[in-house]
Every structure is written in C-alpha cells, then in structure tokens.
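Each of the next two complexes has chain A plus one more chain, namely chain B in the first and chain C in the second.
Right after this comes the complex of A and B.
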C-alpha cells in the first residue's frame, strides 16, 4: 500500500500503465511459446527415440518383406537421418502440415479439421453445464455447510468423481439401449435434414454430455465450496450482515463474486481433463470427434495421427491457459497489472 | 537406549514426541466419519487382494477350461454372473484387485517420489535451478495427462510396468507444486537458519529438516493420488493399452466391451468391475480428505 505522495515518482511504472501491461503480456506469451516448443520437441522424440520401429509397429501381425518395409520407410520419410526428419517435421508444423495418417491415407490436419466441431460442441456443452452445476451446487453446499444439503451434495459429487468416465457411459448405454428414450451412439440419424437435424443432434448429445458432466462437475463443486467457505470467514461479510442485509443478498452480492474467481481459473486449468473426458466419452458413444479419432489412431497405432493429435490437444490446452491468464486480471481487480 | 533414566536422550525425546503427534493425529482423524468408512473400505480391499490366491483357484480364471457356462446371470454358484468365457465375475473382480491396487500404489509411489524430490529441490535451491525445475513442472501441469500417458503406453512395450511408468510420469507435477510451497514455508523458519549457522549442508537441511515437515502433506496427497491412479489404470486398460496377459478391472471392462456385453445388455459383466473401481477410488478419496482435515490446523474444530 503505497502512500499517495509516492505515486507520481514513477508514472510509467504504476498499476495499469501500458508498459506494465506490455511486460505482463510479453511474459505470458513467452511462457506459452516455450511450452509449445517443448510440446513440439516432445511429440517428435517421444514417438521416435523410444524403442520400437514405427514401420514394424505399423505392420504388426502382417507378413511383410524387407523390401516392403523399406518402401514404407521411404514413403513416410523414416529413412532420412533423425535431424533431417526433425527439420521436416518442424517446417511441416509451421505450414500446419502434421503428416499423413497411416490408416486413413489422408493429411492429419484435414482429419482434425473434419472432426473438430463435434468435439467442440460436445466438450463445450459438457464443460459449460458442469461449471454451472458445480458452481451452483457448491454455493448451496457451502452456505448450508454441515447440513443435509451439504452432506448429500458432497457425498454424491465425490462418488461420481470416483466413477470411471467410460464405465458410467457404458452403464448408460446398457440402460438406454434397453428402454429406448435416448440414442446411445453416433451424432445424427442419417437422412434427417433441415431444422429437425439440430434437434436430432441435441437428442444424440444427451447421454454423452450427461456422462461428461457427471464426472467433471464434482471438482468445480468442491473448489467452489471450499473457496466460499474461506470467504465466509471474512470480516466484510460480518459487516454486510451487520448493515442489515438479508442472508441471500450477502451471499449473492458479496461472497459469491469473490469466491467465483479461483473456480473460474480452475475451469480453464482443467481443460486437459476435459480432453481426457472427451476421448473416453467419444469412444464409448461413437461420437465422431477428435477423441474417437485418437482412439482409432491408438489401435493401429497410427503414429502420425496420434502425434498430430497430441500436438493439437496440447496446443489447445496451452492456448486456453494463456487465455485464462489474460482474462483473469480483467475479472479480478486485485491482480490488475 | 543410551540415555540415563534421569535425562532421556534426544533420540528418546524425539520418539516420544512423534508418538504423541501420531496419537493426536489419529484422534483428529477419528472425528471424520467418512474417513473411517474409507479406511474400512481400503482395508477390506487390501485384504481381498492379499487373500486372492486363497479365494480363487488357478483354473477358475482359465479362458479355455472355464468352470461355468458363458453369460450366466447371477446365481448361487457364481454370485455375480459369468463372462463370455464362463468365468465367474466374482473371481475376476477378486483377482483383478491385485493388479489394480498394485498399479495404483506403485504409480503413486513413482509420482509422489518424483514430485517430492522436485518440489524440495526447487524449493531449496532458489535461483536458476529452482526456476528451471518449476518451469518444467508447470509445463507438465498443462499437458493433457491422459494423452501423454496414452502416448507413453503406446510407445513402450505392453506391460504392467509401462502403465506404472506412464501414470507415474504424468501425475507428479501437482505434488511437486504442493511440496515446493511447503518447503518454502519451512525454510523461512528460524531453526533452518540456526542449522545452517551450525554448519548444516544442503543435504542435511533437506533431509533432516525439510523432509520430515513435508511428509504429512505428502501423505494426504498420496492417498488422493492412489484414487486417481487406479482410475487412470482402468482407463488405460480400457483403451486397450494394458497387459493382455493379466486380469485387471479395466481389462475386464475392455473385454466386456469387446465381447459385445454393452449392446446385448449383459449388465452383470459390466457392473462389478466398475463398481469395484469406484468403491476403491472413493475409499481412498475419503481417506485422503480425512487425512487432510486431520492435518489442517484450521479445521481442527471439526467440519
């Protein structure tokens, strides 16, 4: 807390000055760039330096001659020295070229672009619903701490959190395949056109989204609960209540906005787990997105595809974290740069 | 043992202090009813895993000479039903607990060990070394863990050890961050300065002063991590990356899916292994939360 008289000493170093903002932005951008570079290098060496010959893995279980292996190596550029391969890979990345998939015989970038939107739709809806549900229930649990509402909510959340995502999905399929009600696989019914198509997709989304929300919302609930409990011990809430504000108002106007901040950061930081959730949910429900593509790539294993998706998923998470870093000061005046 | 009865040796004093701290910890732990429930569940599953060779005959898990008919719903001879080969699901769940718990514990050991090492080192050596370590930790923290674990498991050969490594390598950054924060707090205390003034070296301070103070936190983190490691193991096995030669809960679920149990509605093939995973994970989570609560001075008045 600097005294007002000290403020004019260094006008361009004060809070919110363009220079400070520029330094903050540059730091975050550099950090993200360093992470991205590390991901790039890891993705390359992870799939090449570790034991195992990609061409042999590719042809596992099939009878192939040595000449065929050599031909495959040349086709995928695996006969070149490692350094040259790395340069090819890096320059490819800059041109958004992630190589050619072994099993689809199509550029990985094209495959990703094709499958991106279903995943964004599914994961986006799931995350949004999980965040809203978690924040709401977490607030209620903290406000009625120790009562039945709290115990039931916390217990249910912890139980659902302990359940493996894919198993919950499988159980839902068994239940709904028997009773009908909701489609248990795919994204759309073939042949449905026009406005009915959107409704059809929404209908197909019910079970996958429900699975995702059930497993993810628990952490948001727990963080919101503990963050609100910390706030509830603060003096300003006693003041607010002493002024004669009703409890509901104290909660809504004073406690919740402050408790919300750490939770919102967590929503962004958790995107890595959302990716994991998407892979499992899409695999179980045959949702035609990136997660299912990843699973199909794994089975062969289709190294360019898996490597490309690894880079893509990591880049997505790094980008989201960068976004969280940039947005956070706008939300919370206390960390304004 | 060498101290005279009149003046107990420092060693005996330390031992007594530790015993007191332990009994105090247990007293606070006991207040968490959910924690006791979790502990009971945990003990039950560990006993089950240890007793598995007594409960399941070797031939009962054979695929070719299975003891029952395939796809039988639960009945007295096989209380949880049978799988597509005719093996009793109860036997599979009992036997699967061995792999699932082993992987859960070992992977946690790897990740907690690595996390503690990195955390203490980064907290002790501030400056360039510490900064670089934290940069690496932060980088691992943002990586999508499942994708990394899957990538590792794909590249390495299929074995239980691979799964342990894949989970261990991806799960340590959280521990490292926690341990580093605690290390910084411990090293700010005056007795560290005293120890340094008396000539205590880096290793001495890290091992004799920082580590014992960090361990309680690590314990809480360990119990929580075992839960997520067990879920991660089942997930990798379900994605087909497990060791096909062993019986594990995730592997059984993968078998069930491959055999078409999902579309034919053979619910008893799916229900037991998943429920076992959920129960064990829940037990560990409840324990971890109770340990956290018992260690946290702010929550000593109970929750």
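Right after this comes the complex of A and C.
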C-alpha cells in the first residue's frame, strides 16, 4: 500500500501562480476592451438611424433660411460623409471628447462631469441600501421559512417590486407635498451653505432613495432567500451544528457566506447601472443627475449628448462586470485561478 | 458505565400529516474503548440513530426513548449543555467529506473551530498548532491546513474529517459510512487509520456501514439493523461468519470473498426491497424477503432473543420452540 501522506497541490505551482493570474487578468481586460469597442460602434450607428433631422429640431419654431441650416450642419460636422463623421467621433473618444451638446451648447464630457456626482450619490446610496436591506431580510425570511416573518417579508417585497417606480414616486410626492416633512424635488435648497448643506442634500435624498430602495430590494431578498434555502439542506451545516455551534453562528459563519456568493454578481451588475441612475426617479423628483440629462437629451434628440451618455453608461456596466470578475475569485476559492 | 447507551430509541418523521417510523426501539451499548459496528441497507435507520445520538435530527423528527452519553440523557439535556457535549463528548465522521466540509473555508480553520469553541484556554494560534498536529496524526502534512476542501482528494478530505473529529479529544466517535465514497485502496487506508487512532487513544467508536466485512474487520461487536430495529447483535467475527438472523446472513453474503471462486460464480444477494416504513403489518418485518420463513412468521414479531453466548437475534428460529406464543 502506498504511503498515506499524499500532499495537496503545492500552492506555489499551478493554481495561484503569478503567471496564471496575469493570464487571467489579461483575458478579462481584453474581454472588457472588446465589449467597449462594440459599444462604441453601436452607439454611433444606433443614433444615426434615429429618424429626424437634428438641425431642424434645434431650430424648430424659428425663422431660418436654408443657408443658416447649412451653416449649422457645417458647424456640427453633419455635412461630412458618415465614414468621416465616425472617424471624428472615434478620435474624439480617444481624447475623451464626446462632442458638443446641441441644446446646452457645451461639451458633453463637461455636462456628464457636472451631473455625475448627484447620480452616484442617489443611485449608489439607493443600490447599497437596497442590497443590504434585501440581503438581511432574505436571510431572515429563509431562516424562518414558511413562518409569518417569511410570508410578510416576501409578500411585501414582491408587491413593491411590481409597483411602477414613477407611480410610487408620484404617490410619495402627493403625500409629502401636502404634509411637508421631506422635500419633493431638487437636490438642495438654494442658499444653504457649510455643514448644513450636507444635511440639506441628505434631506432631499430621502424620498427618491426610498422610492428606489422600495422597488428594487425585492430582487436581493428573493435571491438571498432561495440561495440560503439551498444551502440550508447542506451536509456541512450538520457538521457545524454537530461541532456545538449555536444556530445563529451556524447561520452567520457557515451558511450566509456560502449563500452570499450568488448575490455578489447581482450587486456588481446593479452597481454598474448606478451611473445610468434611476432615470425615472430622477425625472420624477427633478434630481439634477445623469438620468434626467439623458431624458432631456432624448426629447430633442440631442445626438452627441445621448450618444455620449450611452457610451458612458455602458462603460460603467463593463467596468463593474470586470470588477466582479476580479473580486469573485477572492470570495470563492473554488473559482480561483 | 457505558459511554453510549440507547434505551428503546424510537424516531419517527412527520411526513404529509402522518408519522413514519424510522427507528423502532433500538437498544445499544458501547463500553469505554469499545467499538460497535452498525450495519444495514439504505433506509434501515442506521444514520438516523447516529444523528439522534447528538440530537441533530431535523425538527420534523420525533424522538423517543433515551440516549445516554456517559450516563447523561442527551434527549432531555438543556441546549447549552447539549452544545457543550457535541463534539467534545462525542464527534461524528460524516460520510462524503466533500459535502460535510465547508467549501469556502480553509480546512485548518475548520479543524480549529471546535477547539476554539469548546476550550476557552485556546487562542487562535494554539488552535492552529493543534490543527497542524492533528493533520500529522492522520498522515497529512501540516501545510494541508491552508488548503480548501476542493483542493484535496477524497481520501485526504476524509482524513481531514477524522482529524476534525479528534480535535476535542472526544470519548466517542461516530463514523457514519466513513469510507463509502472512496475507492477500495483508500478505503483500506482510512479504515486502518481510524482503527489505529481509536485503539491508541482508547476512544469508543460506533461505525456505521452497509458493508458487514468492513465492520467485522474494524469493530469488536456488530449490530445489524433491519427496518428500524436491531435484528442481530453479537461479537463481530461470529455475526459475520455465522449469522443467526437470515437478514444478517444475506447481508454478510452480499459481498463476495475475494479469491474464492465459489462466491464469485454464485453471487448471493437479497431479492426485494426493504418494507415501506409507513406501512404496518403483523408478524416479522423481514418475512416477505426471507428464504426460510415459516408459517408462524406471519403472526410472530420476534424481539431480540438470546442466540448463543453473548449474542442475540430477532428470529423465531432461535427461539426455543416452547417459548413461541
């Protein structure tokens, strides 16, 4: 019989070696770059096939001569052949120049930079709160499966999930416009300065964030609940109980970390959409963010603005997917390279 | 005092509004340092007995009788006392260590976990040293502690499981099919390891398996279960070689003797399936599958009866004829 001391795979060879990690990273980065290239091309041609003449929309309602229209076309480079326009657009992108907005007469990058922070603040807070709330309630629902806690939580979450965002937002506005308590629009009260300004913004955030969280936390709850229920039948939890761990520790130390794994991808996917913001929530609560900007760009249509935002939103999703790919192996040793 | 003693242990699972008995009155006793093999086919209730010893059954199970661990009844213990007894008083080597270990935690941490839990004097560093020592005792290099379960082979994982079971120096180890998922060579290694460790440390052991030859090799005494009851009990060699109960005999014969052409050309199995635990009938529960059933088996449900010095069997054929009826 052979010696019983067969060693596990040495950690310095194969799995986890710098070379394999480099190959993994390069693969993920290449993938992200390819997605980004595809998005770039799509953004350009997608908005070129939209019906309507941007120059005519810009000048709608005003008396303009054909010569003036031509002049505008020349100004925005719309008189050039499509191929040349595409090359201009690509070289602009490389210089982080997304063109000039028709309606704001300002560089799109500037507009985005101006509106980015409000959106990240609102949608980021909303997504994180929704994730924490949903994962926590999902854990409780699974632990008390079939009991009142579970039924009430699951029922409430699914009801809110099926409510349209704008409807819930309008409802809150109607309620709070009458009773006061929380501001129903905008991001800040004009004239408030210093430390009070932060509190003022937080005050303005309450209703839009509440609307966002109420509508989306159900997906975290449902995923965590089903993931934990799957884990709860597992043998390693019997082992943990046999070791003498309290039920709460069995849950916290063994079941929850395993059950959280599938939710990581979801959290990152939603974080990727944070920059896209909550278009509906921002519009309903007149929040000066990217979502509202996109809505305004679509109405015209303001080609450079919509196209620039499209590229920017996609970049956010691609970046977060890349991060998820990089973080997941740190959490789950089974997929480690 | 016996390390483990069950008296009239019954377990019934609630399923669809009715109770299905899984264990129907089991009496077992393991003296200090003793080893008992519990044999039976799938569904006979042997794993349920193992889980009942540490009260690990799901909430749908109703347990009756008593389980005495070093004289203390596990079934009536307070929760705090029960948690203290778990692993420190009796530990379990589960079958299929792939799923019985947490996949996302290092095995060293999993071995150290009960040490830190039960021994307040231990620090994380000393518990880690203890884990490394334990790994060496089961024939694994100490650096295995840094590995995750999926990085180990089946045999290595089972060694980790054994190291974990020994972590708190229990006086009883329950090995629930410890070698089922392993290939034959590794099976033999693991069995020898378990046998050595148990003998060297004077630990009492209950080993559960469907393989009578494995149990006969590793244990002093053997108990054979059928349909939730013990049908034969006695010294391991005698039960294996010369079973009195027809079921125990069939179970022993189900594994061919290696190198024996006779058993190779005439494999003996057992036709039929174990009875539906929910069904109730009169007479001996083994009668429908029994090759030597008699008329009286239809109405006599025999209890364990003395079947020789130091052994017993639940079959009418070992009863003195005047005792029937």
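Convention: the second predicted complex is superposed on the first by the 301 of 337 C-alpha atoms of A that agree within 3 Å, B and C clash if a C-alpha of one lies under 4 Å from a C-alpha of the other, contacts with A are read in each partner's own complex, and residues count from 1 in each chain.
We adopt the following convention: contacts are C-beta pairs under 8 Å (C-beta built on N, C-alpha and C of every residue); 3 or more make two chains touch, one makes a residue touch a chain.
Note that the structure is a prediction, hence the values are computed from the model and not measured.
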item	value
Contacts of A:327 with chain B and chain C, given as first, second, both or neither	neither
Which of chain B and chain C A:243 touches, first, second, both or neither	second
Per-residue contact with chain A, leading partner among chain C and chain B	B
Touched partner set for A:38, first chain B, second chain C, both or neither	first
Contacts of A:299 with chain B and chain C, given as first, second, both or neither	first
Which of chain B and chain C A:166 touches, first, second, both or neither	first
Contacts of A:319 with chain B and chain C, given as first, second, both or neither	neither
First, second, both or neither for A:254, with chain B first and chain C second	second
Intersection of the chain A residues that touch chain B with those that touch chain C	none
List of chain B residues in touch with chain A within their complex	34, 135, 138-139, 142-148, 150-152, 154-157, 227, 231, 234-235, 238-241, 250, 253, 256-257, 262-263, 265, 267, 270-271, 273-274, 277-279, 281-282, 285-286, 289, 303
Of chain A, residues touching chain B in the complex	31, 34-35, 38-39, 46-47, 50-52, 145-146, 155, 158-159, 161-168, 170-171, 173-174, 177-178, 269, 271-273, 275-276, 279-280, 283, 294-295, 298-299, 301, 306-307, 309-310, 313-314, 317-318, 321
Chain C-facing residues of chain A, complex	1-2, 4-9, 11, 15, 234-236, 238-246, 254, 257-258, 261, 331-334
Complex contact set, residues of chain C against chain A	51, 54, 56, 83-88, 91-92, 94, 96, 99-105, 113-114, 117-118, 139-141, 143-144, 146-148, 150-153, 155-156, 159, 185, 188-189, 193
